[in-house]
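Same chain, two partners: subunit A is paired with subunit B first, then with subunit C.
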Partner chain A sequence: MAGKAFRDNAARAAGAPWLTLKTREMLEAWLFVSPTLIGFLIFFLGPLVAIFYYSTTEWNLLSQQATFVGLRNFHNVLLENPDFWHVVRNSVIFALGLVPLNMALALSLALALSRPFFGVVFFRTVFFAPVVTSAIAWAIVWKFMLQGEGGAVNQMLAWIGINGPNWLREPNWAMAAVIVTRVIKMVGLNMILYIAALQSIPRDYEEAATLEGASRWQVFRMITWPLLAPTTLVIMVLTTIGSFKVFDHIYQMTGGGPENGTLVLAFYIYQQGFKFFNVGYAAALALIMFVIVMALTLVQVMLRRRDME
Partner chain B sequence: MTARRTEILYRICWTVALLLLAVPFVFPFLWMISGGFKSTTEIFGTPTLIPRIWRFENFVEVFTYQPFARQYFNSLYIAATVTVLTLFIASLAGYALARIRFAGAGLLMLFLVMALMVPEEVTIIPNFFLIRAMGLIDTHWPLVLLPVFGPQGVVATFLMRQFFLALPKELEDAGKMDGLSRFGVWLKIALPMSRPALAAVAIITFLHSWNLFLEPLIFLSSLEKFTLPLALSNFNDSYGLPLWNLQLAATSLAVVPILIIYLIAQRQIIESFALSGVKG
Partner chain C sequence: MTKVLLKDIRKNFGTVEVIRGVDLEIEDGEFVVFVGPSGCGKSTLLRLISGLEHISDGELHIGGRLVNEVPAARRGVAMVFQSYALYPHLTVRDNMGFGLKVRKVPASERARRVSEAAATLKLEPLLDRFPRQLSGGQRQRVAIGRAIVGNPDVFLFDEPLSNLDAELRVHMRSEIAALHQRLSTTMIYVTHDQIEAMTLADKIVVLRDGRIEQVGSPRDLYDSPRTIFVAQFIGSPKMNILPLADGQPIALGASVPATATSVGIRPEHLSLGQPSNSTLRGKVGLAEYTGAVTLLHVALDGGQTCLVIHNQGPAPETGAEVGLRAEPGHLHFFDKEGRAV
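Up next is the complex of A and B:
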């Protein structure tokens, strides 16, 4: 009782005589988070709810009127329009190509660069540099280098007697080119996450195992890799979600082409919504993307929980 | 002796392998700069790294082809505005979430995590209509509002919260005893102590805004309002084909200053990304 009275007095003394300390604290907290909260409601939660509405309408561009069409957009997306499944296929190929390549390279680089040696800072700086570069700039330069004739890549391949394809004009090669250049752009990020994780592993474990006569591979397989599992999981989910979000890279390098060979989900949403003005259809696509990302996030949360038990 | 020799050999092999692997990471930058100095004929001829004739005019034409100086300035001031606003809003919210136990905090955190995960592409269509209803199409407002209140702002909030959680509370309690209000404690005690976190947030926020593409593409239509990435992708001739030498010169002008800053502050910058990545 005395404590409460004291706290009430303290609140009063602080200039709000009518409030108890607890209410006061709560008001303060909400005041502190209010800019974030208001922005969140207006630019995130509102639009997220609106997506459900938009996805059930069809927009007339001339009259700017929305007509309710129920689930027709979803019917169109999933059953009528073969483009959608082509786009899903492309997105899955993109993710299946990008995620393993990115993670394997990131882990290899991290293993090589997690311990100090002469030049380690140089290499880390180099492999991370594309991460701070704009995706558009990166895509411009690679598009330039991947030209069929006179492109730097084919020129180099010619030195070793390989006749390079017209990379960005053939659907399969274009997809491969987009994946590889995206990996080079982003691998530095996962590399430093792996380096941070590796450096937090106590060296004693590995040293003890080496003293016991374990080979480098055995140390990695039996000690390092299991200890990296939580990091690997986080990186895997983030990289997968990131691969579904890729837009500027594709926009600049291939524009979704050739023959829609690199048309992926994020680009398809942009194309339908802002090029063809199929607003309802694009909203249905966005909702599907939302479900995919939420599912991936949920998988991560569940795996992590299982990991902890 | 032989063990040492194999160790040295092993090191050399590794270094050579790393150097080879570094080529696709470094070469594009060199090729970009070199291409920016070439003439159109040389661009389409047999390529060499060092231009046969250095064509400095490219770097002048970049500014006459588009209002490139204005576009450059746009990117700078928008990124600066976004950074300052994000620092303010995220450190306020992050502080409350770390220090004050209040009803609804858990739910708020849950929502923020969701906002963190959902890509901009999902909400961009309703946001477009919202911005249009506000009469802000072809202005820089959406390029400030959407990142500050979008996923990037949430990343910043979580970074700040994480930092405040690790900060010792004693100094703040002392400040409270001295009669500082909650806001005063935040401003005069907590913020000055959180410089490392503020720097990290500033770095990732600035770069994110500087490299932003989808929003400028959708909201801007007049050339003098363009930001850099949008301007760069716009160096095309009347057939829509890239004017390579101008495009590469402009790209160099946009990328090289960032690279120089990166080389000077690489440790700090890499650490900032590591922090934000671990958070996500």
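Up next is the complex of A and C:
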């Protein structure tokens, strides 16, 4: 549709001598970006502005009444609410567990699967498939498998003589379980990014280094790993952001429990906004999360830049 | 003493045999050039010697040692890649010192050898730059420097000059020749540029479809090519090959061997004469003036086109009738299999 509109417009423009070439090109350019731009305005900038506004109100969804309260929501979140810091701590633990595990696994898989061999496509597909399956379905399946009594995981552990815990009912195990199952779900994406990056490194470097006497580990450490740095940064930023935004996974597997042991920021925002209907409070939380994610991203980018110099 | 000896070397990728039995002896300190058309297996043969590819069959000896199963790093060879393969994230200094570093050579020794090599190749001002900050010729020089630092027994070059412009190519060619004179290390050099081959080589190896077609000094190959393939591959512009039809008296004064079916004459050994008293006549088609000489494309009465280098006086007009004279003693006769007779 956009294409047709563009052609019509271009045809009109071509037949309209009063439009200079420059104006016409400008028009075309705007036309091309307009679908994205309109989407951006409506679905991103709009809500962002709205959230700024909501965060300064006390608005209970049920009462349909919003009262302006200035920065009181922020004051409450940061200074009066011990839950908030507990939730942030959970989010940080989740990220600290997930990001390194995910990246290490993704890189190992990519190193194993970046060169062709018989069956390589099969293995890549196997590891990528979870990425495109529904997060909810994935969580439900794992919830069953991780049941204390009769769950598939504990049954397998029993074969080798280990008495597995009730994974999702004990706070520490629950956190470990949501991290690991989330990693298995998402690792395929980073694996693909790493495979693409590895394949774009010319074989010559490795061959030259090998001829000069470098071991495979030296080639990796001194050649491959530095050349992967830009990809590593992108993956690190995206994975960190993703881990702070995790919601559906927690929602389905633990509901934030047990004893709020897996209550992470995004899920807490949902709880405040749509279970307790504190919209203004939830909006303030969302803004704080936005700032945290933004800050983390900037720090990572800056660290990398310093590293390169 | 680093002789390189190849005995019936073979290489296949899957079911395709790419190198099909190569026997070759390379003397210590010799400069050997592999030439041949694209896809004939030059790079593959070089990679077999380096150890980057595994040898399917045959024996490879370097410095008197059978090295078929010796890993690349321990064969005492250094290679200069066509792409240079300079590590983009390391400075020139670190690129050159890389091999010493992974081999745990102490830093002071490393610095000394890098600066020595840098001095040899006039690379000192570039040592702290990254490869992306270098011109093509400078990268080339760094790649050679990196090879020198390791002090190898054998240098391998795979079309090292093919990414440079014509002028720089000539210049680097002379630098490589000078380097060989100074180091007198065995060098094996791959190119498909026959001028490079002729100017650099002590010994040229002409490859064709994974086999050696002929081995010899540049002069050997030019003066007495053993096949039509070699005759046309060496020398530029390439040799004219004319069929020896019955009664066609091309071979002025020379006796034609009984089994010969064609005769080869290099363009530089033909000259123009009067059509009336020449045995070979034709019409000038294209005349390519290059300054020093003019390359004439003469359409013979027999139907073939014959190249002639003309360097005395003005060239005839396009379409002019000319006669051709061949210098006796510069005729090459070939039988119907294309072998010299």
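Please note the rule applied: the second predicted complex is superposed on the first by the 276 of 309 C-alpha atoms of A that agree within 3 Å, B and C clash if a C-alpha of one lies under 4 Å from a C-alpha of the other, contacts with A are read in each partner's own complex, and residues count from 1 in each chain.
The definition used in the following text is that contacts are C-beta pairs under 8 Å (C-beta built on N, C-alpha and C of every residue); 3 or more make two chains touch, one makes a residue touch a chain.
As the structure is a prediction and not an experimental result, all values here were calculated from the model.
Colleague: Should the pairing of subunit B and subunit C on subunit A count as a clash or a fit in the superposition?
Modeller: Because the two structures are overlaid on the shared chain, the partners are seen to fit without clashing.
Colleague: For A:208, is the partner it touches subunit B (first), subunit C (second), both, or none of the two (neither)?
Modeller: The second partner, subunit C, only.
Colleague: For A:218, select first, second, both or neither according to whether it touches subunit B, subunit C, the two together, or no partner.
Modeller: It touches subunit C, and subunit B stays clear.
Colleague: Thinking of the overlay built on chain A, is A:40 touched by subunit B (first), by subunit C (second), by both, or by neither?
Modeller: First partner only.
Colleague: Could you look at A:174 and tell me whether it touches subunit B, subunit C, both or neither (first, second, both, neither)?
Modeller: In the superposition, A:174 contacts neither subunit B nor subunit C.
Colleague: Just to be sure I read the superposition right, which of the two partners does A:99 touch: subunit B = first, subunit C = second, or both, or neither?
Modeller: Neither: A:99 stays clear of subunit B and subunit C.
Colleague: Who contacts more of subunit A, subunit B or subunit C?
Modeller: After superposing on chain A, more of subunit A is contacted by B.
Colleague: Just the number, please: smallest Cα separation between subunit B and subunit C in the overlaid arrangement, in Å.
Modeller: Between subunit B and subunit C, the minimum C-alpha distance equals 8 Å.
Colleague: Which subunit A residues contact subunit B in one complex and subunit C in the other?
Modeller: Dual-contact residues (subunit A): none.
Colleague: For the complex, give me every residue of subunit B touching subunit A.
Modeller: Touch residues, subunit B against subunit A: 11, 14-15, 18, 21-22, 24-29, 31-32, 35, 43-47, 88-90, 92-93, 95-97, 100-105, 108, 111-112, 114-115, 117-130, 145-146, 148-150, 153-154, 157, 179, 181-183, 186, 207, 210-211, 213-214, 217-218, 228-230, 232-233, 242, 244, 247-248, 251, 254-255, 258-259, 262-263, 266, 269-270, 273-274, 277-278, 280.
Colleague: Mind pulling up the subunit A residues that touch subunit C in the complex?
Modeller: The touching residues are 202, 204-205, 207-215, 218, 222-223, 226-227, 229.
Colleague: Can you check the complex and tell me which residues of subunit C touch subunit A?
Modeller: 50-52, 72-74, 77-79, 81, 83, 85, 87-89, 98-99, 102-103, 146, 150
Colleague: Within their complex, state which residues of subunit A touch subunit B.
Modeller: Per the stated touch rule, the residues are 14-15, 25-26, 28-30, 32-33, 35-37, 39-40, 42-48, 50-51, 54, 109, 112, 117, 119, 121, 123-138, 140-145, 150-152, 155, 184, 189, 192-193, 195-196, 234, 238, 241, 244-245, 247-248, 251-252, 265-266, 269-270, 273-274, 279, 282-283, 286-287, 289-290, 293-294, 297.
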